[in-house]
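In the two assemblies presented below, chain A is common to both, partnered first by chain B and then by chain C.
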Partner chain A sequence: MTYWPVIAVDAWIGLVLVSIIKVTLILVGGSLGMMFLTWYERRAIAYMQDRRGPNRVGPQGLLQPVSEAIKTMTKEDITPLDADRVVHFLAPVVMLGATVLAFAVIPWGNLFPSSLRVGVLFIFAVTGLHTVGMLMAGWGSNNKFALLGGMRGVAQMVSYEIPLLMALLPIILLSGSLSLTDIVTRQGDWYGFGWYVFSPVGLTAFITFFIAALAEGERTPFDIPEADSEIVAGYLTEYGGMKFAVFYLSNYMTNLALCFIMASLFLGGGNGPGVTALGTVLGGLLSLVYFFIKALALFFLMVLIRGTVPRLRVDQLMGFAWKFLLPIVLVNVFSTAIWVAITRWGPQAQIFTDWFGEPASDNYLRYGVAIVVTLIINLLAVYAVMRINRRQPSDLTEEEIALGLAG
Partner chain B sequence: MLKTEELQVNIGPQHPSTHGVFRMLVTVDGETLVDLKPVFGYLHRNHEQLGEVNSYLQNMPFTDRLDYFNSMVNNHAYARAVEQLAGIEVPERAQYIRVIMDELSRILNHASALGFLLGDMGAWQTSLLWGLREREKILDLFEYVSGARMMCNYSRFGGVARDIDDYFISEVKKLMQGLPRYFDEFERLLVENEILLVRAKGVGVLPKELALSYSVTGPLLRGSGVPYDVRKAEPYAVYDRFDFDIPVGTVGDVYDRFLVRVEEMRQSYRILEQALQQMPEAEGGHINPKVKQQSLKPPVGESYARVESPKGELGFYLVSDGSGSAYRYKVRAPSFINLSALADMCKGYKIADVVVILGSIDIVMGEVDR
Partner chain C sequence: MTLSTRKGTVNIVEVNRHDNNIHAGQGTLKGLDIVFRKFRKALFGKANTERDDTEGQFNVQYPEERLVLAEAYRNMPILLYDDATGQELCTSCFQCERVCPPQVIHITQAKHPETGKPVPAAAEFVLEYDTCMSCGYCAEVCPFDAIKMDHDFELSTADHPALDVHYTHLLRPVSYYEAIAPTMWAEVRDAALKKLQNNIKRRPGNIGVDHGQKIAGKSSAAAPKAATPAAGAAGRKQYTGPIAKVGTSMSEDKLARLMAIREANTGKRGGPPESGAHAIEADVATNAAGQVAPSDQATSGSAASKATGPVAAPGKNMSEDKLARLMAIREANKAKQGE
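And then the complex of A and B:
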């Protein structure tokens, strides 16, 4: 009777140790990832602009972020005289905290820090806290530009979280799970190429999610909260030194997290040819390689967009979320339901079995029909939304204006 | 009743996108602009008063500092005013050299102005740096002929300071081989871009009548659909010998001004081609050797000379009392006059548009505050 508490203590210590190691890895990995991303982005954009980019500190300028980290850390910490000191101080903490929390459930390849059963929901619940941090920064700075930036940021985040989550629903329908672990494992079929992006519904979901993610990560063309040509630096205006760096850390870690999420949800995470064949250790390493390649490719796409297009205006941004993205993602949820019905329903709908045969992963007739049907629905939806949005107010009849169809 | 509160925001003088120390006192209702009051004078340096104290030649380098993007054009305009006042003949070759410099200036000005405009819209520097890349090559040429990259101080009364040589001509030709590629590349990058269209079309509309009543000039006026260009309206130098078109817009919005500038670069390229072709036959040297540059004393009288600067009609008004310095010296600065239409162009648009509209006017504060 005396031995069991000892075992419990051992297990407890083990749990704590493992957790500490995981937390350290996440924090260090996230920060290093952010440092790498800043360097990567600057070099990539520099090549687009016929420049060299940072190439002096360390090999190929890789240590440039380190020198900048030292610079920001040694800077004087300034709080404006009339600022709300507590809120001003807490804003970057809230921002970074929200981002780091999201990393708790994001898989790195096929390795998972913690396999939460409602992982997807958790990520978007905690990243929603960004909004609070943004508003705190805008309010606490006691600066008009900061307040404008904070308000813009909140409006943008709140608007884009809806298409972001709605774009996600098809994946949850397809996988039948909210756990990122399950979602990734289920994309391992077909020699590691069972990625959800390879279906019309998954592709639509991916594209809409990517656009909404650009807005969530405050990337061009949706970098309105910190539009430097209009409102100086938005809610960052009154921040300097380490606090500013923390905002940037949080921003880039959010982008990293979004790339990881997109790679996991749509591009099969660490799945790829050979991962299952190579066994746990080698396959795990290979899955990490695949995963990072996918995530970096997505980030490169973001950089490419940043280097090219101008910024949307704030009302156009809202219009785009509500009038364009939202209808499309809603229709996509519908067509995903049809996809699931056509590919999976056996006894529930005898008529499908009669027409296309039993549901099975090698019943290509069912998949073909599903692809055609969902593709038609989605294309029609995109076409209709574009038609409606293209129309000028003068083209509309009075009933249509009353229905709020004015573009 | 619900009501909204108006917020007064100072955009500038220290603001990333006011193109210098310019301040806009804007009243916004949410994001919509209710009122705009331009405030300037932060860069006043007594330019016109200095022009009345300096000798005529001493004032030449001061004109560089007006529109520091286009010092070649400023020099040309000022030299023309003095030449008109003193009745100085300018050799043909010098005229050609001045035209070449003016058109190179126009290309470099528009390349950077379009880059800055897109930068104001939020395009992350790519278009700007492509423009600056071309500008850099032109500045190198300016440095070769005049010794300075931006403050060229190149014109003299009756010609230009130094003659251009075969090396310069070959370098210009080399530059011009690359330019069409830049124009195409730039157009492919953004001209048809959806986001640019929604940001620029129908924004900052300046109707034709309003533009004329404000007496705005340059791409701003041509964007509003008035085909007015000093090079055609009152051909100076040798501009009557070239075949070129004046691009005009239809609506007068930011997009029209954007397109007008893109097309003007192509037209400048045409002029350059013709000028380089015709120049070997031009008579005379690079300067009229009879003019006493240092101790020029024009007879009593007045003169007004204007040129088409890339920003609009640049004019110099001079009154001579027969002494070695002007009695009255006045600059008609295109940026200053174009800026006066800003408030009317901005009202009712969003605060983000204000910055874009300001960028589309293409002002230089050195010229606004003299």
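And then the complex of A and C:
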């Protein structure tokens, strides 16, 4: 009895210290990652356009983000006269806060800042706050372009949250857990190559998630909220200096977070050949290396898409989310259930055991059958969705038009 | 594929853009493939220096690497003076001042110190570089090829008044222009130098040479070598010194002509003008003695000591009719002067 307050204080101090260290690392790591990403994106897209990109400040231009940070910090902080000052000021804070919160549960390789049991849910609940920040920026600026951008942003985010989360369901079904820690560790089978992307359902989930993530991160084809050729800079129109930099920071940190999430959920996180064999410390470092390679490759894909595809129209954007992504994602959830049934069900379905043998990780017959069945279902779904979407209004019968099936 | 035209060859890159058999997202994949190929070629492939491909690195890292400028490239106007004599080619005919669309050229004509009559030389020549629009009309209109367009484009300065450029800073030797635009100068060279000779005759005293001497300092080198703008920028400082010395690499023909010009000048001025020029002449004399073949037309009487008379002695192997014409002209001049 006499000792417990002392112990409690000790534990409390330890917890606080560890948390402070973790938070510092995450914030510094996230900011540095964002700075690196801006450089990386600019260099990569420059080479795609036969240019070189920033290569003067520091070795290979690596210090260019530093010079830009100094520039934005020394700029004047302007609030429009008729703006809602509080909302205008808080919008970037909310945006950045939402992004930083997501980093609390995102694993860095096999290192986990905090192992939350509902990590996946937490991430998407928290990144949903983005929308609020966006609308605050659009509304608080008291500018028609900002408001348009903010509303476009909200419409886009709300539309793409659904395929994003639905695309995630197969992974939760496959791993049987909402914890990112579990999801990552369960992809360590088969010499570190048990990634979920190597199954038809995982691949479909990955592709749909990637497309939806592009929209969530406001990457080009889906950068409608800040479409510079249409609405000046969208909700960023009235922002300058450090506030703009905070928006920029949150934007790139969101993209970094999305790349980390995709690398963790679909590409096995830090799993790879040799990670388990090398032990905790060396293996952990190696897992970090694998993880960054995966995340940066994903970001490169994002940059490649930015360098290739022009911006969609708002109606195309919405149509794509609701008429293309959502059906495919729903069918994918269904076929994931079949996959799980074929590969895992033993006593639940005696007939599978009779046909394909006991469920085990080396029962390749079950996996083969599961691959064939889910592949067929998914391909049929994609074909059907494309077929339906390709139909022109002139192809429809009067009955269908009357039922509202046109366009 | 290469296409030959009247003005040269043109590289044509054929790109097949009409693939109609694309559907179901193949277009996006194809586009990604194209962009990735461009990325790969720009990053790892060889630089597209010949500009004969649609892919590869196009960038030139400017301060370190520079593209070769075309001869006809024009930036700001400069004025020329003869390397050897320092005689400025400008006669202040005011053609450029008249044609200049933004009216940034301001010329003051030189006056004869005694009679006050205008002399074919400019006393002052101001060009407002800040308002000049580099149209090149002045260079085009100049009947004496005195004003030419420079290749030096690195003129950025914080000193705005310095952009009203005065005569001393506008002057460049002919050899500088010859270096940056050899063929263009070769086209007009003979006519320009001939006109210059005629004008020199009408310039008393130091008029027409004194601007180049205003900037004291480094002994000027011979001909500029490189045609790059960098060399041009350096040359700007290099060629503001006093009259150029005779280069050892000068061709015999050129040396001969130079000698003749100098001699004539000395004669006209009525004696050795100044110690500097005198030293140069001595230099030339030794040079000539060593190098010049006797067959050269003007060097026959070329020793500096011999040039006492007002007019250069006629050449030995001058053709007869030419000699006759020369004599006739001299007679006429004498008669005119005697009046």
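We take it that the second predicted complex is superposed on the first by the 400 of 407 C-alpha atoms of A that agree within 3 Å, B and C clash if a C-alpha of one lies under 4 Å from a C-alpha of the other, contacts with A are read in each partner's own complex, and residues count from 1 in each chain.
In the analysis below, contacts are C-beta pairs under 8 Å (C-beta built on N, C-alpha and C of every residue); 3 or more make two chains touch, one makes a residue touch a chain.
Note that the structure is predicted; figures quoted are calculated from it, not measured.
After superposition on chain A, the partners chain B and chain C collide with one another. When the two structures are aligned on the shared chain, A:Leu288 is found in touch with neither chain B nor chain C. In the superposition on chain A, contact is made by A:Thr220 with chain B only, not with chain C. In the superposed model, A:Arg52 makes contact with chain C only, not with chain B. Contacts of A:Ala341 after superposition on the shared chain: neither chain B nor chain C is touched.
Of the two partner chains placed around the shared chain by superposition, chain B and chain C are both touched by A:Gly307. Which of chain B and chain C touches more residues of chain A is settled by the count: it is B.
Once the two complexes are laid over each other on the shared chain, residue contacts for A:Phe145 go to chain B alone; chain C is not touched.
Shared-chain residue A:Asp315: touches chain B; no touch with chain C. Put simply, of the chain B stretches 24-32, 60-68 or 168-176, the part that bumps into chain C is 168-176. Comparing which residues of chain A touch chain B with which touch chain C, the overlap comprises 48-51, 307-309. Of all residues in chain A, only 45, 48-51, 144-145, 148, 220-221, 223-224, 227-232, 306-316 touch chain B in the complex they form.
Contact residues of chain A toward chain C in the complex are 44, 47-52, 304-305, 307-309, 386, 390. Of all residues in chain B, those touching chain A in their complex are 7, 9, 15-17, 31, 118-126, 129-130, 133, 189-190, 193, 195-196, 198-199, 350-353, 355. Every residue of chain C that touches chain A in the complex is listed here, in rising order: 23-24, 28, 31-32, 34-36, 38-39, 42-43, 48, 55-59, 61.
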